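Attaching a single structure in structure tokens format; questions to follow.
Going in written order, the chains are labelled A, B, C, D and E, and every chain counts its residues from 1.
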Amino acid sequence: MMQTALELRNLSKTYHIRAGGGLFPAVNTLHAVRGVSLILPRNKILGLVGESGSGKSTTGLMALRLLEPTGGQILVGGADITGLDHKALKPFRRKMQVVFQDSYSALDPMMTLAQIVAEPLHIHGLGSAREQTDQALDWLVRVGLDRSYGSRYPHELSGGQRQRVAIARALILRPDVLVADEPTSALDVSVKAQIINLLQDLQAEMGLSILFISHDLSVVRSLTDSVAVMLAGRIVEQAPTEAIFADPQHIYTRSLLDAIPALNPKDRQRRSFISPAQIEAGTPRYSAAALGIPPSDVPGLVQVSPDHLVEAVVTP
Amino acid sequence: MTLPRPRRVALGAGTSQTPEIPLMRLLDIQNLTVSFSQHGGLVQAVRGMTLHIDQGESLGIIGESGSGKSVTCMAALRLLREPPARITADRMVLADVDVLKARGAELAQLRGKAAAMIFQDPMTAFDPSFTIGHQIVETILAHRSARKAEARSEALGLLARVEIKNPAAVLDSYPHQLSGGMLQRAMIAMALSCRPKILFADEPTTALDVTVQAQILQLIKDVQIEFGMGLVMVTHDLGVIAETVDRVLVMYGGRVMEQAPVQDLFDTPAHPYTVALLASIPGRTGGRRRLTEIPGASPNPANPPTGCPFHPRCPVAVARCSQDTPVLRSTAPGRDVACWRAE
Amino acid sequence: MRRLLKIVGALATATLLSTAPLRADTTVYSAGDSTSGTYMDYMKTVYARAGSPEVIQIPLTSFDKNFDLNALAAESWSQSEDGLTWTFKLRKGLVWSDGVPLTAGDYIFAMQRAATTGYDFAWYWGYAGGIKNWDDVTKGKADVSTLGIAAPDDNTITVTTSAPKPYLPGVVSLWYPVPKHVWDKVGDEWAANVDTLVASGPYMVKSWEKSNNSMTLVKNPTYTGPWPASVDTIVIDPSLGAPEVGLPAFMAGEADFSYLNAGQIPFVEKQFPGQITKNAVFATSYISFDLKSAPFDNINVRKALQYAVNRDELTSTVLKDLAIPGKSLLPPGYPGYNEHVTSQAVYDPEKAKKFMADAGYPDGKGFPTIEIWYRDQGGYNGAITAPMLQYLQQQWKDTLGITMNLKVMPTKDWMDGLLNHKNNLFLAPYEYDYIDPSNFYGIFYNGGRHDYHNPKYDELVAKADANPTWDEREKLYEQAEQVLIDDAAIIPVVHPITNAVVSKDLTGEGTTPNKLGFTPLRQLALYFYTHISKK
Amino acid sequence: MTQATPRQHGPLYFAWRRFAANKAAVVSGLVLMILVLMAIFAPLLTKTNYDEQKFLTDAYAMPSSTYWFGVDDLGRDFFSRIVYGSRISLTIGFSSALFSVLIGIPLGAAAGYYGGAVDWAVMRLIELFSVVPSLLAAMLLGALTGGGFFTIVLVAALFGWVQVCLLVRAQVKAVREKEFIRAAQALGASPGYIIWRHLIPNSVSPIIVGFVLAIPLAMMLEASLSFLGIGVPPPLPSWGQMINVGMNFMYFYWHLAVFPTAALAITVLAITLFGDGLRDALDPTLKGR
Amino acid sequence: MIRYILKRAVSILLTFVTVSVIVFLMMHAVPGGPFDGNDMPVSKEVRDKLMASLGLDKPLYVQYFKYMWGVFHFDFGVPFQSPGETVLQLLARAWPPSLILGGLGVVIGATIGILLGIAAALRRNSWIDYIASTLATLGLTIPVFVISMMLILMFAVFLGWLPAKGWDKPNSWYLPIAAYAMIPMATYARYTRSAMLDVLNKPFVTVLRAKGLSERRIIFQHVLRNAALPMVAVFLPMFIGTATGSIFVEAMFRVPGLGAYFVSSITLRDYPLEMALILMITMMFCLAYLLTDIVYALLNPRIRFGGKS
């Protein structure tokens, strides 16, 4: 049986936003994330795909307990970490790490690379200062930099190099789970490939499980084992990566795939705007009888093939 | 369209223009160099850039960050602050005007009217204190004598043209009230407002979502054809290039590496850098796999390598590559390559 | 003309002014005191009075520039056999400017009101006047009717004192009338309003600008007494009182005289040679100790400090033009001033050192760091205190090896510190209120201002105060001061003087020096304003 | 593998490079250094102590080769007093600035990091200080404490910390949103660790700028309070006190007012320009101009 | 937005009350009272009698509430140092000169300062910049009373062109206003320069240039408008700070304004006036900040219209 590295159960996040003026303004409730359930199997890379505002980053932050969920549970290696306080959470922090999109803001500009990479060891009090630095320098080598970089500062590096450092910092504690929040979207094409390869290599070496959050379907296709597509805080489709690319079920998934720029000028095509109404109208419908479940008017995830879930309306 | 005021015609006519230039040529840049003084040192962002664009033509400039592609555009409209920037060129003529000699009103007339530009981040490109409508109207009024109401109705039409659903509402909106995609449409509308002959698009979709990006690219392509403009699309994304332009210029380390019609570039890339770039694109085929990567990092503009800027990362480099800078030479009609190894 | 004057340089101003044509009316532009006072009523508020009430009301008596006592409202006075009761006869025919006769009742009423609702004056009439039952009335212990003053008829005032007061006629130079007939209608406000401000003196108020308390005084046509008005109009501008403001105004022809600060004197000497006058103050700046706490409970310490003061150097250098040596409580020229007393105030550093050693602090070793508290104020005191104290600070340090810190504070805080023994060293200034030695010696009488209690001193002062014979009194006061000197209770340091530049147009007795070389100027307001003339 | 330059420089090095390019700031820095050295080595530069009335017979003497800045009303060499005055005035400036920073940093950091109720409370406190007229409060405090050196430092610090606090708060707020803070949180770092290791080091620019710009404020406040009589007690030679005394002599003995005013103006000017230079050099938002 | 203003108003009211309590306590903690003598001590009985007559013998909190109750009814009491009028009357007579002086000073100073700042920002590092910066810094480095004294010496004493003091003649206004304007001029010049540079570095300015707008229009319509936003935040408070009278300028030029009362109310322990002055200024500052918030909101479409981000 496949082991679960990270599991999100029915996770949701709600914001209350005051709108308009007056003494008693309307309070709008914004459902940033609603009822997201995900399983990240051990030693696998799961892609979480969506556009800005789809709630994918919010989900990632909640998974790391960097943002308090409004509802639902987070399980790391089977243990529920949803309600744990700072102290109780600390051992779990070692098992879960994160890499962000903006490598510039992800590294403290006032610290040297050695200090940055050694910081996790320092926070968790692992080893002497010397050992910490040593280990940090080793990790710099491991992510493709030189030991001499240890005394440099972030601003002296290129974006790709900084992202390597961020990865080294994330992995020095040998976590089980890595949440990678758009780690390649700010990078140039040639560097993007380097970072994707580095993640692939380290994942394989360390048996890492990665939750890979991205809006870039091309990258997701090259890197992930399976994909979950998010739209407006919900997951609308989830399947092994090739299944998504080969056989997208949801109209939104299809529109996302359509929007990928052609990689050959010959494949240029006219594109048109897909409205929310079109998405709603295009939501797949499945017969309850065929699925053997009770019918419902509201969309829910339906299993269309063994690993393929899609948000669909179940009709009688 | 109203005619430009007589004085400006006279000014424009008085500037140097050589009779050999074909009437169609909108932009002609030869041997452009842009450098910035920084901490006492001089950083060369663009080194001997040559490009031209004709009426109705679309040119893509592709390159990674720091390759000098945006600086080239900014230099063409003299939008860089001088100093610290220093621009030299053997020739830089935009719509029959010598850009390097243009001053004050002449320059202002060049901008927006001869050439318009759209920028990467629509969120910061508008003045937050004024409505979209105001900013479009003022652009129109800056170049044409029209009544405010006329300009306003024209702005309304432009917003409708860029496929904004409720143009009247957007006209009276402040920038912060609109989404990035909407603002980028508004910026295109603003760029079109004076019927420019040439449109510079500097990474116009980088800050946008995938689906929005596709729509904006489509829109740019549509209006380019409709208005018969020349288009310069600056991007780091090969996909965008593939989608939008006819001819491509590949830049690296402040230099042009290769120039080719877009189909030829994708089919038969000539420069090793172009080859490597195309190979490193993720997601071209199905299945998890390692990508072909270009080792190393882009050159540091403050301390560029000698010879070919790509030689430290080039898989086929020879000794000569590190010493002599290859010149851009024609290998086939419409194809130029700057590589010692390319035939 | 005036504009022209301003355009011409400052140098020419003086000469031009002197040749300026005569004005139809003579107007004197003069400095005032208070910018914030409210009531033009001396008997209500002494320290925060507005303008110069002493010019518009007529006191019983007043001093002239030679400090001789003149009869003003009182035509004559006499002392009873036991010396306890004084009878003042008012001049006949005095009227208020509204035509109502000025009567003894107006004087009595003024005093009764001061005893019940005033506070500024409460100490004066008890301490200087010694009026019977005064203290009990002010404290609310006795009814105002028991006060030792009475008006047997409209022209007679009797004053009963608790002890004989031979100098009482001088004390009553500060006794001004209050128009009871107006007060009955509008109360204290009578003195805050030009319409109700009836005058009994040589001048009356024509206009009063409340915002800065500047006022215009004109001749009081109903005035029949001595010292009549000598100019038509007086414009009093309080802001001119400060030398920094007064001098520019003087130079611009906007003031007829101006006080000078130390920095201005050499400048004015050059610009206006011969026009600087020295003005009488009759004040003393002295050091006082808290005699009850260490280290100043030790008389040797006090003597050491006393002998270490070089007054002559102080006044010839640091306080040049600003003060004269203060070798006794009384200033030179003041009645009772005594050469024998002053001869003891010598500068003797060796003696000072010896006293310090005797006190147990050889070369100042072991002596605590002391702080001297002084008042933050303007005028002539403000001009001298800081430099004087810094001089003393250095001198005591050099001579005695003791360290002294200075601390300046508002008058209220200073008084609070003095009364409540919050510090043990003070610089105290005192300016006379009436011309008699008893004025100065009273400061130390029975505690007085400084909590100084010496039965011998009290006895001598009491005797001197009550003695009707001047020569005997003078001797007794000399003995009393000797007690102070022997006790080293205080150290008189300097007598401040003021300097002023006076326009050449301003002439008359009021601007010419007296026999001591001092000009009265505004210090003797009533005399000054009635003894000047303007070209 | 890369052609990056071999030398390693921290961000402060580049701030220094930017600073060094600003001529006015560098000159100001030099002037400031001279002033500080002057204050430290005052006894070596002067012929008398500041309170020695050695030249009573030459009191009020004008500047000359003997007395460079003349002699004051108390027979003291005025140059000595100006030089010693730099000690007093600079001490007031520096210690007030130090206290401002000591109060401002923790409050600003806490407000910026925790936000919410803490921020609210700190902002109310700041509001409190911004609606009270500072000079009036200074006089009231002066009356309460009796004035003098410490009152001035207290008052200057009491009203100087607000600026530092706001600067630090804004910076911490901005830095707090940076992803390296998120990363540290993800590592299980405590708020105290994050504030101390990340937020405060990254707020070093506003702290330095706040510190430097608080100095002239305190020095000017000292001059103002001296004018109102709550200054440093004589004979301590603070420039403000000397200006106040010298004003009375301005008609003739101009040197008694001009030299301390010039000393104060030059110092305040130097510190202000120095501070401006520092801010320009340290403020990343103005980078690359 | 109304909600936002109400919230600010409540918080500012809270601040106001806090200030009043603190000031009241501090005021009474200062040693000495209004009836402590000047030249000679006043006997305890007399003082007690007088203190009781003004209610100063009551517990502090009673005095505080009594005073604030009066304030609530616009009754600020009677100033001890000027008992012939109420505090309100005193303010009504002493404030106008301060208001005129401060108002004109700030407006003139700010106008010149803004122009200097604009010039300095547009010609960065040119001689204009240096001159403007020097002028601006001068106003902040020389104490205002020294500037006043220099003006008096120059124009009143040596040139004799203008009167050295007073407020009654029109030409007596020039010098104090000039002295007064120095600080706002300096502050505004510095502030404008940095605000302008800030905006000039914004990306949208490049866009405006790319649109072909004239430099003049870019500066005067767009850059100034955006730079004005942060400048608005300092204008009103500064206006209040000076419109209530500068102790220094008014003292030097003998302007019969409020300035002198700040000092005298404290040294003379004139509690009603002291309290009234502080409350008044505090209230005005509070209102100024509130108004600033409102104006800021009105000028800033982000707050005015809410919306995204």
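In the analysis below, a residue touches a chain if its C-beta (ideal position, glycine included) is under 8 Å from a C-beta of that chain, and two chains touch if they have at least 3 such contacts.
Fair warning: this is a prediction, and the values are worked out from it, not measured in the lab.
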Contact-graph distance - origin subunit A, target subunit C: 2
A-D or C-E, whichever has more C-beta pairs in contact: C-E
Remotest chain, subunit B as reference, centres from CA atoms: C
Inter-centroid spacing, subunit D versus subunit B (mean Cα positions, whole Å): 49
Separation of mean Cα positions, subunit B and subunit A [Å, integer]: 33
Rounded Å distance between subunit D and subunit E, as computed from the means of their C-alpha atoms: 23
Intercentroid distance (Cα basis), subunit C paired with subunit B, Å: 89
Numbers and ranges of subunit E residues touching at least 2 other chains: 30, 149, 157, 266-267
Of all residues in subunit B, the ones touching two or more other chains: 295, 297
Sites on subunit A at which at least two other chains make contact: 158, 161
Of all residues in subunit A, those that touch subunit D in their complex: 61, 64, 66, 86, 89-90, 93-94, 96-98, 100-102, 105-112, 116, 119-120, 123-124, 144, 146, 151-153, 155-158, 161, 166, 169-170, 173
Partner subunit C, residues of subunit D touching it in the complex: 51-53, 56-57, 59-60, 73-75, 143, 146-148, 229, 233-235, 245, 247-253, 256
Residue ranges of subunit E in contact with subunit C within the complex: 30-43, 45-47, 49-50, 81-85, 93-94, 97, 149, 152, 156-161, 163-168, 252, 254, 256, 260-261, 264, 266-269
In the complex, subunit C residues that touch subunit E: 5-10, 13, 35-39, 47-48, 119-120, 122-124, 127, 135, 138-141, 188-189, 191-192, 209-212, 237, 239-240, 242, 244-245, 247-249, 251-252, 254, 376, 410-413, 415-419, 422, 430-431, 443, 448-449
Contact footprint of subunit E on subunit D as seen in their complex: 24, 124, 127-128, 130-133, 135-136, 139-141, 143-144, 216, 220, 223-224, 227-228, 240, 243, 247, 250-251, 257, 261, 264-266, 268-269, 272-273, 285-286, 289
